[in-house]
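Presented below is the structure to which this report refers.
Chain naming follows the written order as A, B, C and D, and within any one chain the residues start at number 1.
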Amino acid sequence: MSIILGPNRYGKAENRVVRIYRDSPRHEIHDISVSTALRGDFASAHLAGDQLNVLPTDTQKQTAYSFAKEKGLLSIENYGLDLAAHFVDTVEPVHTARVEIEEFAWQRVLIDGSEHDHTWVRRGQEVRTAAITVEGRGADRRTWVVGGLKDLVILKSTGSEFAGFMQDPYTLLQPTSDRVMATSLTAGWRFSTTDVDWEATYDGIKQVLVSQFATVHSLALQQTLYEMGRAVLEAFPVVAEVRLSAPNKHHFLYDLSPFGVANDNEVYHAADRPYGLIQATVLHDDAADAGPAWDSYTGLV
Amino acid sequence: MSIILGPNRYGKAENRVVRIYRDSPRHEIHDISVSTALRGDFASAHLAGDQLNVLPTDTQKQTAYSFAKEKGLLSIENYGLDLAAHFVDTVEPVHTARVEIEEFAWQRVLIDGSEHDHTWVRRGQEVRTAAITVEGRGADRRTWVVGGLKDLVILKSTGSEFAGFMQDPYTLLQPTSDRVMATSLTAGWRFSTTDVDWEATYDGIKQVLVSQFATVHSLALQQTLYEMGRAVLEAFPVVAEVRLSAPNKHHFLYDLSPFGVANDNEVYHAADRPYGLIQATVLHDDAADAGPAWDSYTGLV
Amino acid sequence: MSIILGPNRYGKAENRVVRIYRDSPRHEIHDISVSTALRGDFASAHLAGDQLNVLPTDTQKQTAYSFAKEKGLLSIENYGLDLAAHFVDTVEPVHTARVEIEEFAWQRVLIDGSEHDHTWVRRGQEVRTAAITVEGRGADRRTWVVGGLKDLVILKSTGSEFAGFMQDPYTLLQPTSDRVMATSLTAGWRFSTTDVDWEATYDGIKQVLVSQFATVHSLALQQTLYEMGRAVLEAFPVVAEVRLSAPNKHHFLYDLSPFGVANDNEVYHAADRPYGLIQATVLHDDAADAGPAWDSYTGLV
Amino acid sequence: MSIILGPNRYGKAENRVVRIYRDSPRHEIHDISVSTALRGDFASAHLAGDQLNVLPTDTQKQTAYSFAKEKGLLSIENYGLDLAAHFVDTVEPVHTARVEIEEFAWQRVLIDGSEHDHTWVRRGQEVRTAAITVEGRGADRRTWVVGGLKDLVILKSTGSEFAGFMQDPYTLLQPTSDRVMATSLTAGWRFSTTDVDWEATYDGIKQVLVSQFATVHSLALQQTLYEMGRAVLEAFPVVAEVRLSAPNKHHFLYDLSPFGVANDNEVYHAADRPYGLIQATVLHDDAADAGPAWDSYTGLV
């Protein structure tokens, strides 16, 4: 029995790159947090402290900033593809590079009804995400792109039930035919190709997710999530798989009866913790293997 | 020399009240965090543990939720005025009640271009705030209302200089004639009256703040803040005083020259800490005394 | 009626200075976040964008780091006094300088029962704080020092009651003779002198606060706070005033009776929000005026 | 090509259970955040909104609180094993239950040098973690236990080098033979058995991790992590695999030379972002398959 090194990776996390396009008086802004992680032949660094194969994380940082100019930073998926390919193609010991990006959206301020050329407020709604994995060179090259969003807080004040559920001796919950349903959605969608109009696709998928949440009469959050994923797959053939994670942000009807005040689904307490947490995957039955597409850098290896 | 009890207050903080208006199929939502704090004759509670004068913080909570129905929750300033007056008028030992509110805005989702009746996404931009202080009864009644916002993240990619500053032996900073200027604005405005169209005034003040940030050619954040405050006072006679707190969220131009890459104000690093922090008050020279208007419950007494 | 500039200040917030003493193999570490804020003759910066009187916030940062070596960083109160005095004494337009410091404590790791020379874990308990205000020069010089702590999470599982309180129509709370009492304490103590053994005093005051919380049989958090403040004043003649802010971190007894399980004050739910918030000042009746001692830079001006 | 439901799970996250043992005047406290997640035959809930197989997340919450009394809450691993087994054994559609726990440690306050019976301060250092997965019934039963910790902030002020690394055109970093090395460690250790003295093992593993960080002369964080994992495996035969995730919390030597001040590794800036992020697995080469042991509920399914 001997002790061995298992999976490992390293990189630079949360580089805060802001790119201004100022070729005309009407500037553009792209604001991201980008993390890069490399896997490959780094055993000697772990076993012997030998850094010969280790490209410093500082170098990865420099590259991330420089590529915002060299390659541009328009669609985060393209930027991530360029950056990941660079590490695999130019750093010999690297077998796989992963680039994870969060993009913070800005919207132009309106002055007398017109969009301003160079002033924005942070939109503050959901964060757009992308995770790009590039593995191997030449004929062995494989690429996975996962688009996504997080922190999309969405609520419907009716059109949601929860009833007919299983009961056991610990079950106190009463069924309800009309409740507030709210979540802070995290979603990821795995592309089956890189030949994608990234911007239109992002906007379109977000719209589908939101529309389904609004218009599906919900018998449970599970059902809503499935219908959201299904609709994305139907509308966007470039997507092979959708994963959804939805905390059930409980809004408890507040009991005002002790004060002689009626409360017909009007006053709620928005609770912090605990919360339900529902997660689902919806995919094409012939989707290619996900490989490392979903191996987030924020977890353990 | 003896030891005495000084200023003190107590209350319930961060009640998360959500109010749905559902009188028609087109629901309305108001989502707040409300804190209440009472000052008055509570010495015996401190000195002797006697709670006879102490209305429980739990009672304050119940009242906050019930008033969302009894009084309504349309404008947070009115809701806060009702709640603060209630405590002063009905709880004998209370001399002063303060109600601090944060409101989280929601916007209707669009389905096929139409606003949905009962589904929203959290807007996620700035948080609207109000702080209401009510003191005394009858002829001694005094009232202060401070409206405000926080977390309004705003950025301009040009139109900002910083030069001609004082220098000392620790000064390394180079002057610049074109920089990114960004902040996460906190602002408060003290009203000179309660006869106010709270909604229109909030929207109007926010618009003035944003417009000034965008259109004033900035020689320093100090100047921008002053021009923001001044414009609010000029446009809204109901406002006596404006206070502004603006972290200078530094965006450092990234040096790409080692890589032979030009960077003409295009690629920046958005730094977290430290940050500049600029604060200014702008007021009418005949503004009434601010009294306890600005004594935030989040600080020490 | 005209518009004027009111109180204002500016500075650099949250400089993360770490100072290692390595004069012997047994190193020492001091780890702080320091913010500096200047008040003075800065009207022209606000009114006209003229920076002639404005020492850049970057310069304040450089000074904060350099003073960690030049003046040393042993007691944060002394470091803050040096830094604040420097700005008032050497920057002509500055009338008042305020330095706010948070110190993060580290403790040596134990290896085979012995303290290691140069490895520590962050202690992670309370954060020590200091706020130093220096005003004027020469004969007009005035100085205020406030020591303190925050985030000291403390809990007692018995020895706390809450009963005999005022009741109104919104009162549902039941009295209790035995509850969990927990808080995350913020405390500040204003010194009447700068001739203080800062380290021993900090340790001593913290011990008094903790002891009183533990040993006073509590009839209400108000009473506990008062007894904490009183005991500090009695034990430390160098302290003129104590301010305490204590969220009542509610631990609700969990109702297990539906499952036939007894719960004799054994299983609780620790709630996040809302929370009670109790604040009190205890001081000597002949304490000198607090002046700007408590004007925190984290609030509005 | 058709659309199908893939992996899914649901549960209640972040139940904040506090358990007091008060059988003698010397109370004991255990303070946890526990999340439960179930996998199984829930397709009809997703596909048709049929909740017949769905035990509500509220029921999972009730069970988590009740088990703190019924089963006790001494070692989080045992509590988690009981809770997970309960769901698999009593809820027919459940195939797998996962329980994730964070434990917040408290230490008794000292009064006149003696530990107090019922008052504690939150220790505030690392958070202890456990993740228990129970799958199947009877002969098919499989169980995985992962112990761990997170947020252990540890720093050494010397004994760390970084040199001899790979260089490319984006490499600006200079080698160093003496730097501050600091991290906020997350670690998990997978047990090969449930016949473990959980408390002694936790304390022992933490001590090994800390000792190795302190005493291994570090040529890179990779090497330090490997030596930490290796030492745990050697000292604790009940552990099959260790995973480590270590942000390199950069401490940059501050350049004081412009001020004529020497800085011989004495004054540093502690940076927030970006940070290096190094992750490694160390395991026995004959370790059983990890199965779902590491599938964290905080990620996507």
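What to note about this one:
Keep in mind that, in the parts below, a residue touches a chain if its C-beta (ideal position, glycine included) is under 8 Å from a C-beta of that chain, and two chains touch if they have at least 3 such contacts.
If you're wondering where the values come from, they're calculated on a predicted model, not measured in any experiment.
Overlaying chain A on chain B by C-alpha atoms takes a rotation of 180 degrees, rounded in steps of 5.
On a Cα centroid basis, the chain most remote from chain A in this structure is C.
Rounded to whole angstrom, the centroid-to-centroid distance between chain C and chain D, based on C-alpha atoms, equals 31 Å.
With centres defined as mean CA coordinates, chain C is found 23 Å away from chain B. Residue positions of chain C touching 2 or more other chains, listed in rising order: 15-16, 62, 66, 170, 172, 258-259, 272-273. Chain C meets chain A in the complex at residues 169-170, 172, 258-259, 272-273. Of all residues in chain A, those touching chain B in their complex are 15-22, 27, 29, 31, 62, 65-66, 68-70, 106, 109, 111, 116, 118-126, 151-159, 180, 210-211, 213-215, 251, 254, 256, 258-259, 261-272. Residue ranges on chain D touching chain A, taken from their complex, read 1-16, 33, 35, 37, 42, 45-59, 61-63, 66, 90-91, 93, 162-168, 170-173, 186, 188, 218-220, 222-223, 225-226, 230, 233-234, 241, 243-245, 247-248, 273-286, 294, 296-301.
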